[in-house]
Every structure is written in structure tokens, then in C-alpha cells.
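Two complexes are shown next, each including subunit A; its partner changes from subunit B in the first to subunit C in the second.
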Partner chain A sequence: MTINTIGCLTQVANFLKVHPGKINLNSNSLPVRVANNSTTTGFIAIIFDLLNHSNLSLGNLQDKAEIRQWLEYALVYAINCEGSSGIQQVLKELNAVLSTRTYLVTSNVSIADVVLFYILYHIIANLSYLDKERYIHVSRWYDNLQQDANLRQKNKIIDFNTNYLICVKH
Partner chain B sequence: MVSGTLYTYPENFRAYKALIAAKYSSADIKVDPNFVFGETNKSDGFLKKFPSGKVPAFESSDGKYLQDGNAIAYYVANDQLRGKNDFEKAQVLQWICFADNEILPASCAWVFPILGIIQYDKKAFDRSKEDVRAALSVLNSYLLTRTYLVGERISLADVSVTCNLLLLYTHVLEPEFRKPFANVNRWFNTVVNQPNFRAVVGEVKLCTKAAEVDPKKFQQLQGAAGKAGGKDKKEKKEEKKEKKQAPKKEKEAEPVEEMDATEAALAAEPKSRDPFEVLPKGTFNMDDYKRCYSNEDESKSIPYFWEKFDPENYSIWMGEYKYNEELSKVFMSCNLITGMYQRLDKMRKQAFASVCLFGTDNDSSISGIWVWRGQDLAFTLSPDWQIDYETYDWKKLDPKSEETKKLVEQYFSWTGTDKQGRKFNQGKIFK
Partner chain C sequence: MVVVYSNENNPFTLKLLIAANYAKKEVQLKIVNSKDPAVPEPKHLPCLVFESRSLFIANASAYYLFPPSIEDENTVNEWLEWEATVLAPSIAVNFGTSTKSQSKAVLTNCFRTLNDALSSKQSISGKSITVCDVVIWSTLYPFYKDNNISGAYLVELNNLNHWLKHLENLPEFQEALNQYKITPGNAPYQILVNSAKYLISGDSGSIGNSNIILSPQHSVTEAVSNEEIATVRKSWLSGNENLPKPKEDVMPVLPIAGEKNILITSALPYVNNVPHLGNIIGCVLSADVFARFCRLCNYNTLYICGTDEYGTATETKALEEGLTPQQICDKYFEVHNSIYRWFNIGFDYFGRTTTPEQTKITQNLFLELNQNGFMQIQAVEQLLCEKCDRYLADRFVEGGCPHPGCNYEDARGDQCDGCGKLVNATELKNPRCKVCGTAPVSRNSSQFFLDLPKLEPLLYHWMEKSSLGWSNNARIIAKSWMKEGLKPRCITRDLKWGVPVPLDGYRDKVFYVWFDAPIGYLSITERYTKDWEKWWRPEAGTSVTLYQFMAKDNVPFHSVMFPAALLGLNRGFTTVSHLMATEYLNYEDGKFSKSRGVGVFGNDAQNTGIPSDVWRFYLLYVRPESQDSSFSWVDLATKNNSELLNNLGNFANRAQVFAEKFFGSTIPNMKLNEDDLIVLALCTRELKEYIKSLEKCKLRDGIRHILAISRHGNQYMQSSEPWVLIKGTEEEKERAGTVIGLSCNITCLLSTLLFPYMPDTSRTLRKQLNAPDNVVVLRPENPEIIPVLPPGHKLGKPSPLFSKIEQARVEELKKQFAGKQQVEQNGPATQSVQDIPTLEAAVAKQGEKVRSLKASGADKSIWQPEVTILLDLKKKLEAVQKSKPVQPNDESKPLQNGISASPEEIKALEVELDKQAILVRNLKSSGAAKTEWQPQVNILLDLKSKLAAATGTPVATPGKKNKK
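Up next, the complex of A and B:
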């Protein structure tokens, strides 16, 4: 499964209320952003470029490091995950992390949550109810994030309103 | 926007609710810096505004009065905290009631005996743990699928329930106990780390090992509460003021401050006041010994004394009145002894004495055996204790010598004669 990198970056830009500029894929399939006569290449570099033009704070040094770690995770594992086993692996890992945390970094929504929110949108939207149950912590996290209209943008609300009748052994 | 003054003692988890809500709504709420617990809230002016005399209490700038932390929090909050619609508002109310009815009683029954605020009762204590477990189980299954208690944002429900869980999480919910409640732990950590929460409460350190009940603490606190007389009022006031100035420091040093109302003020007192505090506690329990002395015959209590006595940290002294030749009537001499005892009131907790009058009118002497914590003359520890002691000659006794044993036996059982052979007349016990 390939994920629309350009679409994701554009949504991040909209969320940060920064003009996305022109984002394209170059011959190596790397995203390139051209804005204000400057060119930025690479997924993470573009996100930090956008962040620099926004007024979103990244927190202290440790928070910044953790955010970078998650962006790298998003790029290496989430965007390029192959096949359903790859997806399941990412969901499993996220589920484990989110069982003890409300958000990925710090106690509030950070850019790490935002980026993964856009990357995972289609994956989560297509999950079966059984899988939403199995990855209950991911579901709770995602449901919480999508209630913010500014974050959700034009994406449809994903239904998590199941009766939780299915018991899954974790 | 709401603005006004909040009356409370420092670090009151009930007042936290209002202060946190005010952070969210940017309401301008000041805590009255001159508030003295037990005085301000007992004054006529205060009672006129707030008849129950309880805190937290709130006076708005436009002259409205409110009591109860939850009510004040609701008033000073914003719409996000109160709930978006009627149903959410009802849910918020539901969780506030849950916090006060299901969590708080169990929390108090568990934590207050540990803090020495209420007497330890094994049955109630053990039951409280099960009640806490039950309340946490309810929360845990509710929070499995939810990030916050009501809606998808922080509300007063989260603030109230978290504040009522604070004492539990910081004092007794050790990792093993809280492990099954992963969803509650996650939610609790998220709430206490919200910037608006931290701004009021500071960093919340989760309990690493459950605190145990220390029966002595209760006795100390209650003993102090009983004796805190009128003349101490002024000192108490000063002490409280100091506390206000350094609330941060207080927090680390004194968990007792998080306790309930009245006791908080009283509890703070003996701790900082007891001059014996600087000396090591040792193994000799003064209270136990005094109880034994009062209830048992000397044939039992004196062997008990030698069995329990801790020569490392306690010492035995002989005090002899310097001006025996000036003593006239027996009753006047006895008043001399009891007067001294009264002036040494604060020493009682860590000292014991039997002072005896020998002889008859116009031919008598006063001497006594004293036991106290520490190896040096105890009277120098506090300026309050230095009125009488210079009228006595003090001699430290060797607890190992036979002579001391004889003296102790003689004075504790009120027998024998003084050095000049005068017969025992009367004895007074300092305990």
C-alpha cells in the first residue's frame, strides 16, 4: 500500500496554517517543496520547514528528540509499510505505546500525532470492527484526534462507535 | 469574566479544582495571602459571608459568595470545562459526584490514618483498599475506549476526579496496586501533566511504595491538638504566615499539608515546634512507658523501664533543688514543683520525671529523677524551658550503675529518704 505523501504534507501545512507551496515528487520519488524561492527536499525536512513557519512549539529538547523519532518512524514504517502484515505490525506497535500514553509525545497533541493521523487515515478508515477492537488504544487515540475539526479538515469522521461486544485477547 | 478571592489553606486539593478551572478560563482568581486557617475562617466577618466556616470559599469582585470546591470550580470555569451541551453537563456532574461519593470516602479512610489525621481502625482501613479498587475498576473500563471522562476534551469531570485521586496516587497506590488500572494511570498522568494543572499543583510524583500507618503520628497530632492552648494562638499565626511565604518548600518537606482542613493546621504545629525533633528518636517509647507507669504497679513498671530504656538516645538525670533551706510550707514547695512542670509543658512528650518532696514544714528538700531524649541538658533546647532549671543542680546518672538503679526505684516508687535522712512526703510525676 502506498500512501499519498504529498497529500499528507499538504494537510500538515493546512493544519499548521502555513502555505504549502509547491510540493512534488522528484525523480527519486522524494518529496520536494518549493516555496518563497527556497527548495526543501525530503519528508521530514519539509515538515520541519513547515513547523518553522508556524507558531507551534515543539517543547523542550527531549520532546523535540522524541518528535523526530516518531517522524522517522512514520516515514520508515508507516508510509512504506507493505501489505497487510506491515500495517498490522505498525498498528500493533502503536497500540502497545498508546496503552500507557494518551498522546505519542508529552501529554498533549504534538506534530507527531498530527503526521501519523494523516498518514494512517486510509488505513484506519478501512479497518474492520474486529481490528478496531483489537487495536483499541489506537482507536481511542484516533477518535480523540479526529474530534478536532482543525486537525480532521475535510476527512470524514471515522466511526468507532461500536458496542465493543467483541472480546479480543490482547 | 469572573474575578475574585479564594480563601483556603495551602495545597488543599479541594481548592485546586477551582484554581485549575480558573487557569483554563483565565479567570482572575487570587488566593488570599492573609488567610490563616482556624482564625480567618472562624472570624465573625468570614462566618457572615460563609456560615459553615469551611474552605475553600470564594468571594467574587462583585460581591458574590460561594462555598465548596466543585461549585466554585463550576462558576469560574469556561464552557469547555462545563460541557458543551446539557447531556455533557450532566455527565460532568455525574463524575463530580462519583469523585465525592465513591473515591473520596475510601481515599480518606486509607490515607488519613497514615497521615495521622484519624485513628487507625483495621477494619475500615482494609475495606478502604477494596473500595478504592472497586472505584478504579469502574474508571478503568470506562477509560479503555475514552481519552477523557466527558467528550474528547478535558472537562471539570477530569479535574475533579483527578484532584480526589491525588492523595491516593501520591501516598498509597504503589506500582503493584495500580498496575491493573493501566487506563486510569494513563489518563491520570495526562491530566496532571496538562500545563494548567501543573501551574497549580506542580509536579505530581507517583507513589513508589505505599506509606504505612504510624500510630505514633496520630497520638502526636491529637496530643498536640488537645494542648494547643489560647496563648499559642499568636505563635501559630506567625508560623502560618511563614508557611505562606514559602509554600514550595513546604510541599516537599511536609506531606501532612495535603490533609484535611482543621488537622492540617494543627498537625503542622508540633512538628516544627518540638525542640526534641533534632535528636534521634531511639527505641525508647516514652508514651508506652508512661502508660505502663500509670496502669501498672511499680513492681512491673520499673523493670519495664529498664528493659526498654535506650541509653544511646536517652539519658537519666538527678535534679536537686539549690535552695532547700528557703523552703517552708509543704504545699508551697509542691506548688514550686507543679509550677515548673506547667512551664515545661512542651517537654512532656519526650520527658518523664518524678520529683519528690522530703521532710516536713520548714525542714524539707526537693529532688527528682528525670528522663529525657538526648544526652545533654534538655532545658537548653528551648528558651521556653529555661525559667526554673537554674534553681536546680543537675547531675547526669550512669544508667549502668547500681546506684542509679536504686535511685530510679526510690524516686519512681516514692519511697526512702533524702540525703539528710528526711522522710518521703509527697511526689509529683511529670508525664
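Up next, the complex of A and C:
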């Protein structure tokens, strides 16, 4: 988890084109970022801090609340899902949410999408085609996001080729 | 309007209500359950809904309702995150679930952190109450209100106690508590765990292990195009004239230039393991279905397999059973042969590796490889038992574990069961031969190594081309081996049971199993026909396509080692172009285990009364093609009853019975209308897909298409209602005839398509239809449905094809194969004695597997489950060993003498004996006369004989020493 958190924050900083500064974990295993002589503690706080130094807009108060919600979701659920049932739960929930929307918050890419993109990368990359089909809305959302080379960064394109898919009755 | 959806007694709902009170925002509380359709996805509770948005994370909701001032923002963010990631999950899991994975220490630490933060402050973030106070307080509230659980944690944490009480009395908090009831104690946390849907860690495994078993596809039928209609009409009207004839059986089958020549092998099963269902579906059954399909397509098809018989494991087994290795092989070969025969596995030849042909080919290949410079000799340190006159395989040596801190005395040469670490046989302390117990000596012995690094470029280019037709997992495993970089592999061993190395100075060595086992494919073919080279070294102009079926653990040998050897020969050997690897089949969500009696083994299947065709059907239906799958009795019964009985069997029987009753068992005249052509078009679609699937060895999909055809057939019967038509006008009667005639023809098509999967059923069905032999053929290049049973064709006698499997029977079988756990409680002693060798073998085998997997550079997700199995096996072995050694020491000795003495009695005798001995010695040394010491000596001797009787062993006489 620890590597995940820091790795994710670094990628988010790169995406936002903000210098990541020094990011470490403190004794409570919360990430701490030191940059420009100021210290920020906590995953969510760091992300908001990075956002404030970037060009990406946070949107209005309601958008911000939704973003906060997804960041906490990412932190409490997505980053911790290791076992099969955990992964299934997170994918199932996201799939349900994404079944009616293009992105998690508003109708544009937000930092919520970006953060979950990095956190879920290894999970999505290791999904079988069957599971990709099963969580079809997650797959569509993810495939859409990864087309942005700036967002994808060094991550390899994940194959969502549906030629070999076996149709699952939904 | 802001609405809070919540269930009852959920502490997180307090967060929202209190925050709203602070913000002076009106919220409407709606009590619902999480399944309520009004609750937005992902249905976590509480959920805040406003302006068509929703927030299901309580902290985000509370923050939105009651945002902090800008200067407090950072502190608040930090505390909120701490609450969300540390405090809330810990407290919820600790008090709300039975898993106490969160230790008390974590919570204690949390409370101390809070207490420190609150020193000399009224609120956590500083000056005034902020959202983080609200959130943390709400989470703690049920805990804090129940003294029984909080008392122990909160003593001496005065700041925290004070803060908890102080906040409770604030009006914003009081109002929320009055509005929404929270009971003290554990209950709210149980609710919290369920509504926040925390991921409770502790379940291992990755998503790849989950069992997703597809139910057959019921896709929405796409409209049939006019073109399709035209095509099926043309096919139907063309009649059965241009149907190709099935090939005549020839013996032996040989490849023919210009034709499709398919060579099929399934991994050679190791001779002394009784195969379980997973082994059967993994190789022999899958290969059989494909071979039958190829024969159906009139390809020249050769399917060979056999038992792999050389190696240490056979030697061990032979020692165990007191037989020679050859006798063991003969015995188990028959076991395998009869199992496969029962499962209707249609090998062209089922051979074995202990044949002169095997020796000849293996030795020739080795000599050529050596000549081509792909062999190297390296010295390997090995232990030699001089008494047994042989080098000891790792598992034949035991001794003290060499790892510091582990004093386990009986570590084996490959691994220590005491500490679980891997051991190098030569590093064991005081090693001893497992057979005779003497200490072996360490010798350097020279072994041959296959120079894989030298072969790597050849192999690399070969794999680029060949691996296109491999199953996905096979390709991944092979690629990961290549990526690791290949190392020279030892191919010889100082053993006796194997093919001897044909070079002077090395004749006492044999080839290691992995080198000679795949050569078995060649030698077994030679046993089948002296023209074996036509298959394995085809002449120019003849092409042979090799399909190899196996479970994924066999992939490295078939994708890297064996092809490398063949390429090194440079003699135009046929190499694998279709390497079809399956994943693992589990048994009822666990593993098959011979030693525990869990799962169905080959020989058990025939005793269940379930026909082999149903076994074949179900195993292929759940074939672990893209991921592990599970065998389940309930599912077996369901699939039998719903798919075979109600779908396939029902359709096949219905049309025939109708024809028998109303048309005198004759196919009536058929005049096809639009409806008939549509059903033909739909079935033709499935037929095409069936052929496509099978050509790609997607055997699981093939079944689906068969079932889809009979489903179309059933629907067609149902909507045409021939039973109504037959009572109507002449025209309607004629229509009924068409429906029945067409249905019988579709049934006939099914009998052909079933042939690879369920050969017996296919045969029975053809007999019932009195179908001519030439229907058993497919034209893969142009699949079409033609009236193979023309009007006037006389049908046979219909009878039901399948029978129902009752629920009660399922329960019985489930119990029968659930393992010996119940038995173990009744007779642990007999059980354990019997089990140790089996368990040891299992541990050794699993250890080998884990090592090779890890060495293969496979991903953790691949080897982790295997490691879990290994640890599990070890635990069992340990438990069994602990229960065992007590009895032989205590019981065997008294039995020998017929006298039993308790340890106390023996002790007393020994003490007396010592005293008497000292007395005698003192008397003698004092120079006393014999008459004086003789009576004392007699007493001493008497005592000694008593002691000897009690312990069953003669005691050394101290007196004698004195005399000398």
C-alpha cells in the first residue's frame, strides 16, 4: 500500500506538471510532502495542494465535495483491495457508478478519475478478458482515460480488445 | 432540499446530522435499507443527496455541509484522513466483526494520539469545533457510551474523556442524538461494517482465482438476413448427395502429403499418481475431444499418450510397496489404462516410457545433441551412500537442518519440515541415508547439462512464429522463461531407474525425467508404427501440425526445454504449433487431495453410477480454459438436469417419439416455409461457431453451441405446435410432418456434433435415428445443414438419453468425497501412520512445483496459491508426525517381553542396581574374601536380570569391567 500511495502521488504530480517535491510516509503512515518550504500531510491534502499549483480546475463546491469523496474512496477502498473479493467489490461498485456516467465527477476528466486510474492500474492490467467484459463500464472508462498519453505516462496501454471476449449475460 | 438516506443505528449518520446542525442546514432524514432503489450507487450508507448529486462517503458529506475555515483546512484534512483510514476501519472491524485482526494495540495507539492532540485544547484542530471533531466524535460515540468495552481503553486518557463528554453536551450534538438513536456497544459497528462495506482483509488470492463459470449464452437472437435464408435453402435443397464420406479406418494412420495431418499428444501422466478429474480434463480428455473433432473433419489424426514411468518418485513408491520399479509401473499403468478406457478416451495408442524404443531414441537424441555441441559437463556435489551403493536423490537423505536456530533433526535433503526453508542436501548436519541410515559421503559427480543459453537464439525465433497458436497462459509462461534468460539445465542423474547415459564413464547415470519424458511422445509413436518418423520428421511436402495438451505446470518443459532439444538436433523434427494449456480445476472450492481423500479420482468416477458421458460433458463444461474453475456436485446435477435432460435430451426425444406415434417411425415429407428456414439459419450459425471454436480448441464454447442448437430446436417445436397441427386439416398435418422431419434432421446434426464430447450418447442417438454412417462427418470449410434423413427414412426406437440426478444423491456423493476428516477423529493412529509417506511425497512434490514456478520467474499471483498449498501440506504432515512417534517407544518393548513395567519401577530398579554395584566394588577392592562378597554379587546379578526384563534390553555389567 505504501508504495502505491507514494507512486500514485508522484504520477499525479507529473500529470499535473507540478514538481512532486519530497514525498515520504510519517509514523502514522500518512504521506507527507515537502515542497517550496511547506509541508502537507495526508494523501487527500497533498492532492488538493498539487491541484492548487496546477492548471486543472477544481470546479465548484459541489464538485469539490464529490472529488473529496472519490479521493477518500480511493484511499480507503481502492488502494487496499488485495483479495479477490475486495477487488471484485471495488470493480462492481465503480461499474455501477460508471454505468450512468462518463467520468466520476462532472462530465469532464477530474482528478478523481486520474487518481483512480493510477491506483487501479495493476488491477485492471491483470484482469482476464472475462472480467473486463464483466465490468464493462469500468473497462470503457479506463480505456477512454488511457488514450490520453499525458495521463497514461509510462504505463503500458492495457488491451481491451474484445475480439476474443466470450459474451457474458449481464 | 438535502436528503440523508440512512439505515438505523449507523454511527456515520451522526457525522452528517451534527455537521448539518453546525451549518444550520435543513436536512431530511430518510430511513431506508441499502437495497432501496432510491439509494444511489454504490449504495453505501449514509448517503447525502442534493441537487441531483450524491455523496456516499460520510466524511466528504460532513465536510461539504460544514467546511472548515481556510486556516484550519490543512489540519482538518489530515485528521479526516486519519479518521477514514486508521480510526474508523479499526474500530469498526474490532467491535463490529468477529475477526479480531486489528489488535488492541492499534486502537490504544489511536486513542493516545487523540489524547495528545487534545492536551490543553477543547477541540482537535485548535480553537473551535470543526468537522474533524464531529467526524471523530461520531465514530467513537457507541464505543464511548458503553463502559464495558471502552473502560479498559480510556483510563488515564483524561483529555479524551473530557472532550468526549464536553462535545456530547453541546446543543448541535444533543439535537442530532435526539433525532437519531444510536445504541451503545457493538451493534452500531456491525451496522457500520455492512453499510460502509469495508474490505475486511484476510481473504487471500487474486481475482484470477475467482470462479467465474459461464452459463451458456442466451444471446438475443439477431435477425436472420435474407442471404442466410438463401444459403440454407440452397444447402437443404442440394440434398445429401454431396455429403463427403467419412474416412475409412486405416491402421496405422500416417500423414499424407497435401492433406491436413494432425498429431495430438496429451501430457504423459506420471505413472504412480492416480489421475483426478483435474488431471483428466487438463490433458487426456481435452486432447480426446479435439482428436475426435479432427477425425470428424476427415483430417489424418494421430492421438498418442502414455504413462511417464522413470524417476525417483517411482523408486520411492517401489520401496514403499516392496516391489521393483518395473512392477510398480506395470501395476499403475493398468490403473491409468482402465480409467482412460472408462472415460472413453480414444487414443490411437496409449503407451509407456519404459520401452526399448524409448531408450534407443533418448540415447540417439542425446548423442546427436552432444555431437552438435549443445551439451556440457559440470561437476555436481552429491551424496553417495556406500552401503546402498548409490547416489542419494535429495529426498533420500535426512539429517539436521543446517539453518541457524532450527534444530530440526529430520530435515530432508530438499527442504526442512521444521522451519520450512529450502535445504541443500550437502549441507545437512549428520546426513543419513533414508533407506539404511548410514552416513553418506560427499562426492563430486559429473553431470551433463543441456546448454540452453546456446540454444536461446534458435528458440527465440522459433517461439516468435510458433507461439501464435498457443493458448494465452502457455504463451505468457514461455515468454516469462525467455525473459529470465535461460540457464544450462542438468539432464542426468546418478540414479538407477531411468534411461542409461550411452557414453563411457557415464554409463552408471540415467537421464533426468524431464529430459526423457517428452521423448516418450516419439517412442510411443514408434511403438504404434515403425513409420513414426513420418509424423515426427515429415517428408518435404507433407506438413504435420502438432497439438499438445497439458495443464499449465507442464508448459515450461513443452515450450522451452523440449523444443530447445529438438531444435538443437536440427533434423527437421515436428515442433509444437498449438500448445494448449489449461488452468487448474478445483474441487468444491478446495484442492483435490489424494492423501485426504478429497475429490473425485479417476477410479471413483465409475462407482458413482453417473455415466462417463455425463462426466465428460460436465468436465468440458467447466474446463478451466482461461482461469481456474471448480468442480461442484450441485452444479454437476444442475447442468445434467437442466442442460442435458431438459434441453438436449428433451428435444432429441420429442421429435422422435412424435414421428413414431404419428408417422410410423418414418421421416415425413418436408416442405420448408419461412419459419423452417429461419430455424435452419439459426442452427447453421451455431454450427459455424461450433467449428470455429473447436478449431481453436475452445472446447468449452463448443458445448455451448451444441446446447444452443437444441434450444433453438425446442423453441421451434414449441412455437410450431405439431401436436395441435396433427389434429387439423390435411394441410396442417403436412405442416406437422415438416416440423417433425426437420426436427429429426436437427437431432441427427446434434448426434454428429456431440460425437467429440459424448461419444456414447452420439452413438445411441444415431442408432435411435437409424442414421447412416456417413453423417459422422463435418465439412469445416463449408458447414451447412442438409437433409441427411430424407423423407421415407425409417427411424429406430427412441428412448430417453439422460436420467435425472436427484438432490439426495448429490448430497450423498458430496459427503462421500469430502475427505476423511470425520474418519480421522475415530482412528487417528492408523490414519497417521498411513499418511506420512503420502504426505511427505505430496510436500516434496509441491515443494518442487513451487521452486520451479519461482525459478520460472512467474508472477507472484501464479506461485502464491501454490505456496499456500505447500504450507498447508506441511502443517498437516507436522500434525500427523507429532501424533505418531509416541506409541512405538512405549508399547513395542513391553510387548517383546510380555512384562510391562512403568517408568517409575524401572527408575527404582536402576537406583538399586547402582547402589548394589558400588557395594560390590567396595567390598572387592577392600580385599574381602569371596565368601563375603559372593552373596552381594548374586543380589546384583538378580537386580540386573530384573531390570533387563523390565526394559527389554540387556544392561552392560559394570562388574565385568572391574575384573579386567
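Definition applied: the second predicted complex is superposed on the first by the 164 of 170 C-alpha atoms of A that agree within 3 Å, B and C clash if a C-alpha of one lies under 4 Å from a C-alpha of the other, contacts with A are read in each partner's own complex, and residues count from 1 in each chain.
In the analysis below, a contact is a pair of C-beta atoms (placed from the backbone, for glycine too) under 8 Å apart; a residue touches a chain by one contact, two chains touch by 3 or more.
Computed from a predicted structure; not experimentally measured.
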Combined model on subunit A: subunit C and subunit B, fit or clash: fit
Subunit B versus subunit C as contact partner of A:Ala96, first or second or both or neither: second
Contacts of A:Tyr118 with subunit B and subunit C, given as first, second, both or neither: neither
Touched partner set for A:Leu130, first subunit B, second subunit C, both or neither: second
Partner chain in contact with A:Tyr142 - subunit B first, subunit C second, else both or neither: neither
Residue contacts on subunit A - larger count, subunit B or subunit C: C
Nearest-approach distance, in Å, of subunit C Cα atoms to those of subunit B in the combined model: 12
Shared subunit A surface residues [contacts with subunit B and with subunit C]: 99-100
Of subunit C, residues touching subunit A in the complex: 41-43, 50-51, 53, 55-57, 59-61, 63-64, 67, 74, 77-78, 80-82, 84-86, 89, 113, 197-199, 201-210, 212, 214-215, 217-219, 626-627, 701, 861
Complex contact set, residues of subunit B against subunit A: 144-148, 151-153, 182, 185-187, 189-191, 193-195
Complex contact set, residues of subunit A against subunit C: 28, 30, 40-45, 48, 61-62, 65-66, 68-69, 72-73, 75-77, 80-90, 92-94, 96-97, 99-100, 123, 126-131, 134, 166-169
List of subunit A residues in touch with subunit B within their complex: 99-103, 106-108, 136, 139-141, 143-144, 147-148, 160, 164
